[in-house]
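Comments concern the structure below.
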């Protein structure tokens, strides 16, 4: 009679399966795992360590801490960072010192590996937590991280 | 002479009018079913479902239909153009035709013929020709395999659909749908026929799901095996016809079950003393649709829970399990009717 | 007119089907050239390279720190374990002893990665055999792990948390609590998986006796991971070539002898339980200490050849480094588990139906970037 | 710690293995060159015979070929085979080399280990090393019309290769 036994067992397993989905169906209000993405921008908060984009923080005097040591440029596996630098006379000490002209960051080539930020001796670059990085024009992904007219913060040495 | 022409004209007008009303209702109903399926699927799957177009996403399928209408009709160069274009109409027309015989209430029935059940079984199996044509004519290997599977599947499962309904016909003694409902005033057939009726109902639901080519019997499309199966090469409105037909077929299968097993537009027996139906007969539509949608929901529940069968297991299920059981069941039902063991309320 | 087919000039030809590179069952860009006879598979010929990025060549010009992040992009579902493999090779070559804390954290995250990978596989497995709902249930649980990763490592998939010499930064204060929450949650979910899919009669019929791989063939084809263990070949690298903190924990190697698709499926379900048990043993005893040891900014490996095996979610990943003493490897080879596992697909699929091919392929758990590297 | 343990165990077996295999009358060269495994260099002529003996001999029983690495040593081309025994759990490394960069050819081992089929195709694809008697030696990853062998050290592609 294993013929009918098989049918009985088969139907039982089918009903067990249906009970699992059925429970989810009845609780769907509380269970839903999807996020209403563009609507929840206000509440959607990334974790502090989230790697969104490399930024260079500036203080209120428009000063950053990048000494132009190029360690990030060397650490980067994809060549996403290019630093244009020059030796200029430091107004404080009056000596010639390496200073950045432009810290160029190609977001389009970046793989968010974090090696540049690990390599930076002065914490001049950090991760930003923004996540909406798509643009209409590829060239907009090439960013200059130091703000125009910004200077190195006095007292920062590598 | 003049009179007779008038009658003919009247009939023609009537027919056209009724056809237009039915078409209107059921294209909307089809769209609603698509929406329902998507919502139900979402709720089974921890999602929210469509909720962007209109309140609670109610207009989502309208928007989809508009998109499909405006889409370009692509096709393969080497397709058999005539058959390729014919196939979707075959499918949609055959499924719309079946709707004509359903009694929505006592008065609301377009076409009450005395071979109602027979007509339904016959019509519902014509659709497969459209699928075969579509798969063959679109000159695509995946489509061809899908179509061949469909042929195999529908031919097999028609037997079970037919025989499980025949089991119930033993109880009613008539094929006419309005009379089948009349018989059920003494209790729904699933109650009257108790054990064999329940078995027949289970067989019918399994075979019916297979007949509509829905998961777990969606061999024809079998997304993970054949991509899109027989309608791989269809786009735009022609694809929409196949899509809509699938949902109308689902409605038809559920509606047959509601009519034959669950008393159609009859209200549940414990409500009869209240006499709502006598005051307000149109309430029958509510009961009919309520039962039908409950069964449609059951089919959706199947779809979103079970894995798909393999094509040979599909045939094993039919020929080794459903068919012998079905034949036994008919004998059992005949015995019960003969010995007068039915339950009458 | 002659109607006898045997006497006529009708020719019979093989029927070819291109499955992929864009096909729902090939999970990415695998292309299979199928020779079929009706529904029966006569031959399966994989055609690879649609996503080949030549990671091995890129490694030859990168420093050892930079290589680590490339391995994220191989088997992206076990990225942490891939990272670990490269780091272990470099550390072993340098004879560098990493702190106990690093070892334990690496092991915990490695096992979480394995669970996350198996969750996704389970969901996709269900989807391949037609049960679409499993996909979302698998993702629900995987999402919790991804959150743990995101909070600690900063990324959900390509984490790059390991560096030669330790970890990039210490674990997040919430890590332990979140992991414990997950373990408690997931213990209630695996029985649900079993109810929904494992026990289902249709699923059982689809999997049992399908795609049979004998133990001898598994060894000969170089199978590893759950694929080999489903055939009874005990090959858990975590047991035989234990690394990181895996020698401190006790766990059973999931082993089945049937060799069919169902056995491979059950091995993975069993592995999830074992991984949970490993995590539970370690999560309360993370030793205090540093999260890395200092290495030179430019790592130069001594001259020689170094090989390290690890057990990823898919099987044995080998890293072979041939160093000439410079800051780049002279040659770096990844022995990827998926590549060997794919080579036996033809063997197990021939004679089955198209549906069987899809089911067996799902139990191989192929990740195409891992094969194409 | 782990490494030390593995090394200790492996060194023991390595010596025993070396003694055993050197008694087989092949022209072999044993090295360890910084590797934890026993390395054996073998002449291409006796390669296939050695490999089949390594598998069939009960004391070695290397039945698990887990890694096949194509190598370009600059002057020579060659292949490195990593073998493991599922019975004894010891590992050995076999190397073959040839100076012929135009038409390097070795014997296939795909008749001994089935996995070698795919691995040898990969080596053929990237290094251009041919294998005698291989059942299906076609390009696996690259297109059929691809010119050159990308993993060779002398491969140049000025457009796609970024050299630091």
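The letters A, B, C and D name the chains in turn, as written, and every chain counts its residues from 1.
The working rule: a contact is a pair of C-beta atoms (placed from the backbone, for glycine too) under 8 Å apart; a residue touches a chain by one contact, two chains touch by 3 or more.
Model, not experiment: these values are computed from the prediction.
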Open item on the list: Considering only chains that satisfy the touch condition with subunit B, which of them also satisfy it with subunit C?
Closed with: A
- [ ] Determine which of the two chain pairs, A-C or C-D, is joined by the larger number of C-beta pairs in contact.
- [x] C-D
- [ ] Indicate the whole-number Å distance between the mean C-alpha point of subunit A and the mean C-alpha point of subunit D.
- [x] 41
Task: Distance between the centres, which are taken as Cα means, of subunit C and subunit A, whole angstrom - done: 26
TODO: Provide the C-alpha centroid distance between subunit C and subunit D, rounded to the nearest whole angstrom.
DONE: 24
Open item on the list: Between subunit A and subunit B, what distance separates the C-alpha centroids? Give it in angstrom.
Closed with: 52
Task: Where subunit A touches two or more other chains, by residue - done: 14, 17, 20-21, 24, 33
Open item on the list: Can you list every residue of subunit B that touches 2 or more other chains, as numbers and ranges?
Closed with: 44-47, 304-306
Task: Interface hub residues of subunit D, defined as touching at least two other chains - done: 162, 164
Open item on the list: Using the definition of touching given at the top, classify the network of chains in this structure as line, ring, star, complete or other.
Closed with: other
Task: Chains that touch, pairwise - done: A-B, A-C, B-C, C-D
TODO: Name, in rising order, each residue of subunit C that touches subunit B in their complex.
DONE: 15-17, 23-25, 39, 126-133, 135-137, 140, 196-197, 200, 202-203, 205-206, 353-356, 358
Task: subunit A partner contacts - residues on subunit B that touch it in the complex - done: 40, 42-48, 301-302, 304-306, 321, 325
Task: Of all residues in subunit A, those that touch subunit B in their complex - done: 7, 14, 17-18, 20-22, 24-25, 28, 31-34, 36
TODO: Note which residues of subunit D are touching subunit C in the complex, please.
DONE: 1-3, 6, 33-37, 39, 63-67, 69, 71-72, 80, 82, 86, 89, 93, 113-115, 117-119, 122, 140-143, 150-151, 161-164
- [ ] Write out the stretch or stretches of subunit A touching subunit C in their complex.
- [x] 9-10, 13-14, 16-17, 19-21, 24, 33, 46-47, 49-51, 71, 75, 77, 111-115, 118-119, 127
